[in-house]
Amino acid sequence: MSTDLEQFYEIFFEESSELLADMEACLLRLDVNSPDLEDLNAIFRAAHSIKGGAGTFGFTDMTEMTHMLETLLDRLRKGELTVRSEMVDAFLKASDVIKAQLAGHRGENEADPKVAKEVCEELKRLSDEIQDRLPNEAIADADIEMGAATVEIDISNVPEVTVNVPQSKNASLKKTYCIEFSSASMGDAAIENLFANLKRLGDLEELSSADKRDQFKLRLSTESSEEDVWETLAFVVDPANLKIELEANDVSRNAGNVQNFSSNISNAPDLCTNEDELSSEKMPPMQGYGFFPGAPAVPKELTNSDLQSNSMQQQSAHVSKNETQNKVNKPSSKVSAPISPATSETSSIRVSIEKVDQIINLVGELVITQAMLAQTTSQLDPVIFEKLLSGMSQLERNTRDLQESVMSIRMMPISFVFSRYPRVVRDLAAKLNKRVELKTVGENTELDKGLIEKIADPLTHLVRNSLDHGIEVAEKRIAAGKPAQGTITLRAFHQGGNLVIEVSDDGAGLNRGKILVKAKERGLPVNDGMSDQEVWSLIFEAGFSTAETVTDVSGRGVGMDVVKRNIQGMGGRIDIESALGVGTRISIRLPLTLAILDGLSVAVGDQMFIVPLNYIIESMQPSAADIKTISGHGRVVQVRGEYLPVIALHEVFNLHSNVTAVHEGILVILEDEGHKAALFVDDLIGQHQVVIKSLESNYRRVQGVSGATIMGDGKVALILDTAALVLASQQEMV
Amino acid sequence: MAKTILAVDDSASIRQMVAFTLKGAGYEVIQAVDGQDALDKASYHQVNLVLTDINMPHMDGLKLLELLRELAHYKNIPILILTTESGDEIKAKGRAAGATGWLVKPFDPKRLLEVISKVID
Amino acid sequence: MSQLQTAITTSNSNNSRAIQMPNEFLTFRLGDEEYGIEILKVQEIRGYDAITQIANAPEFIKGVVNLRGIIVPIIDMRVKFRLGNATYDQFTVVIILNVAGRVVGIVVDGVSDVISLGLEQMRPAPGLGSIIDTEYIMGLGTVDERMLILIDIERLMSSSDMGLLDHTIN
């Protein structure tokens, strides 16, 4: 079975990650004072689903943790216990543990079992607590005569009864089970784990000899129901090799009125003293399935074991008394009961990203073919070929629409990233003893999936930074006349062809003087006359940190430079605005997608290059007089009083150029991070939206080139790495 | 003609494993992600057996059971509940809602095929 | 009985050898030598056109082409191994390879045919004599009077010599 299962691991991992994220989101919005039942249910469901999958795949550590989660959650959602913030903390910790365990099974770092154990114990403590708290009303009911052959089981009361059992009485409610199982194919760790779980249920005694390690015989005395014991074991041990029996002399040993009370909870017949009546039909408490007698489509020739002849039968008989009556009346009322429209939420399908990218590639091809056709047909006589040409323009529209729709498949709302920050802020604020509120605006703004994945880490860093260095402690804020609680705002919106993400805080703001002092200490080239903008950008220098004390939160200034590099790597840029005492706003500007770029095509010799449009200020044909040569440093061009370095593309790329005199060609003025340069090319060809292709998938990185694309004629054109070119020209100038 | 089974589970991994196992045994499998989805699919597919999880968002398995049993051609087909909640409570509810039988998770392919073969072959 | 046993053992070992050793090869010429590469590594054969140069790349990397939407680098093996003058015309052939998860095109002097080689036709490579380093040679094959140098094309293409991968940068 294991080999069969492996192909589903990935699905399970993905699904569990999503469930954990959902769970966390629910937990974070859970109002401890008036918890939303729907949220509790959703959290329960998530834990439950993970448990189901983990059990199936044999990830026992996860099963155990989710089981504990589920137990406590179940009591919460049934209202048997009120939510406390301590529990939410425990849940969050548990979700972290599960996350770590998941990573472990994925082959990443192994989760720390110590932490898991602690969290497990905490959950256990929390769910056990209620038993002390609730009134012990059930005791009266427990006064049932011992030895009765039939026991009334009121199913609707079962859960309450179970929970209401007061701790103090537990000792007398204990039952002793004899457990036998074979551990064939189980690892030592799994066995150890299992023992730990069983011990959690009650007192465990090992009867099997230590030298026979594959066959275990145990005695467990516990107040848990047989069902619980079974569940604990069945997730780990092959049910075929598992036998659980109530110890025969148990009844006499624990003789007392309460004995039958416990039988009232579950598995009543198993406890009956009148054993003869049952022994013939006795089967393992669960063979894993069963049928309901009299239900539709039940197989006619059923063996005894198919019909669950013990407790189930009685219970179901009982239930039918209670509920069939309802049922009789149902059909008429049911049909009229409409299904709430909320249930038909937008459905989605899960498709691998490779498939999507394949479609994008194919559409890219289609666009190219269409462009080629358009080029060819444009030379035809529009009168004679009227129909063909109108078909062509229709094709062009359709292709463009198709391309847009396909690209939108990769788009995901930024909420995928934003949703993780409430947790980050909550944890960190608690750690730093600060009061902070996180606001998010524009969560539905969409961004390419590839970018979503890459933006998360830099953004986390910025949020942590704002909290650590930006927001002041409450006393300081009050002294400054600000509300005690600080606010961090995450905002996303579209602007032009870009997505802008802002991280702003109403904290202390950047301190110009401090930054300058620090920069001087670090030996950075600074002077007091620098503009604010230039000063702020110093914090992106490697190894720069302005925090007075180095914290374990935002670290030692490692990061801001990395943040900047990452953002640039995504084709984006980062800007800072700040006012002392008022706050700081960091804006990240990203292209909407990694896959499409607005570019200007330029020609050098017989080669064509694409210059990303967002770096271009203007293009011009310079007069010879504007070009100056600085000895040993190449040429500069005077543009509106500024001298800009000239980057001759044919020189950079060692190409044969048709034009060598700058004033005979074209200068494209580029700007990157306040630095300008003039790119010298033979000619401008046109503006295009190009599909970015990686050079690296079959080749390697090329200096000065950020990627490639395919032009209308089917030829490859390289996309210039404008930032690198501008940077290189600046260094030459110095 | 191969028998068709409607497998309902909100957990994609469980659902796909169920489907995988059943397909391997020669059944046609229709998958649904929750009760609502299952109900939709049940109404335009000829199904020989329904296998459903209980705890699902939007519409749980019990509700699905009840609603299915009201459809003429689902009155007498086997409907099995597949759930980790092996508790008697849930089984009783399943029975009341019209389930034919139950099967506990963790899911074991052999057991699944065994129980299914009892009801539809 | 024992003879039969032996026969079975031999045929078994033959089988396992046959699995290890590819037996269908695409043959091509480079200078005066004839080479063979495993047919399974060959994706297709096409002509040489519409190439986009890559700046500052080694001379044997002619540039990149668009192969149905993928950007594929083209290596001229004639330049790489300094064989005569590399001309490009309508007869120039590019073998598109699929090696080590990458798609790469190589320009050769001409593709001959696809041949099957039995084990008895293959010999281990002697330590001399080819323009291609012995490290990348799987063995020699003989078909009638022809001698084929069987190249481990995957290994050759992933080598730092080819400069196709970034691993040359330290």
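By written order: A, B and C. Residues from 1 in each chain.
FYI, contacts are C-beta pairs under 8 Å (C-beta built on N, C-alpha and C of every residue); 3 or more make two chains touch, one makes a residue touch a chain.
Nothing here was measured: the structure is a model prediction, and the numbers come from that model.
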Point to revise | Centroid-based (C-alpha) most distant chain relative to chain C | key: B
Practice item. Find the two chains joined by the most C-beta pairs in contact, please. Key: A-B
Exercise for review: Return the distance between the CA-based centres of chain A and chain C, expressed in whole Å.
Suggested key: 45
Review point. Between chain B and chain C, what is the gap in Å from one C-alpha centre to the other?
Key: 55
Exercise for review: Provide the C-alpha centroid distance between chain A and chain B, rounded to the nearest whole angstrom.
Suggested key: 30
Practice item. Name the residues of chain B that each touch 2 or more other chains. Key: none
Point to revise | chain A to chain C touching residues, read off their complex | key: 361-362, 364-365, 368, 607, 652-655, 693-705, 708, 710, 713-718
Review point. Once bound in the complex, which stretches of chain A touch chain B?
Key: 1, 4-5, 7-8, 11-12, 15, 42, 44-45, 48-49, 51-53, 55-57, 155, 158-159, 227, 230-231, 234-235, 239, 266, 286-292, 295-299, 302, 306, 311-312, 315-316, 318-320, 322-324, 326-327, 330-331, 334-335, 339, 342-345, 347, 350
**Study point:** Of chain B, residues touching chain A in the complex
**Key:** 10-14, 16-17, 20-21, 33-37, 39, 55-59, 66-67, 69-70, 75-80, 84-89, 91-96, 98-109, 111, 114-115, 118-119
**Study point:** For the chain C and chain A complex, residues of the former touching the latter
**Key:** 50, 52-57, 63-66, 68-73, 102-104, 163-166
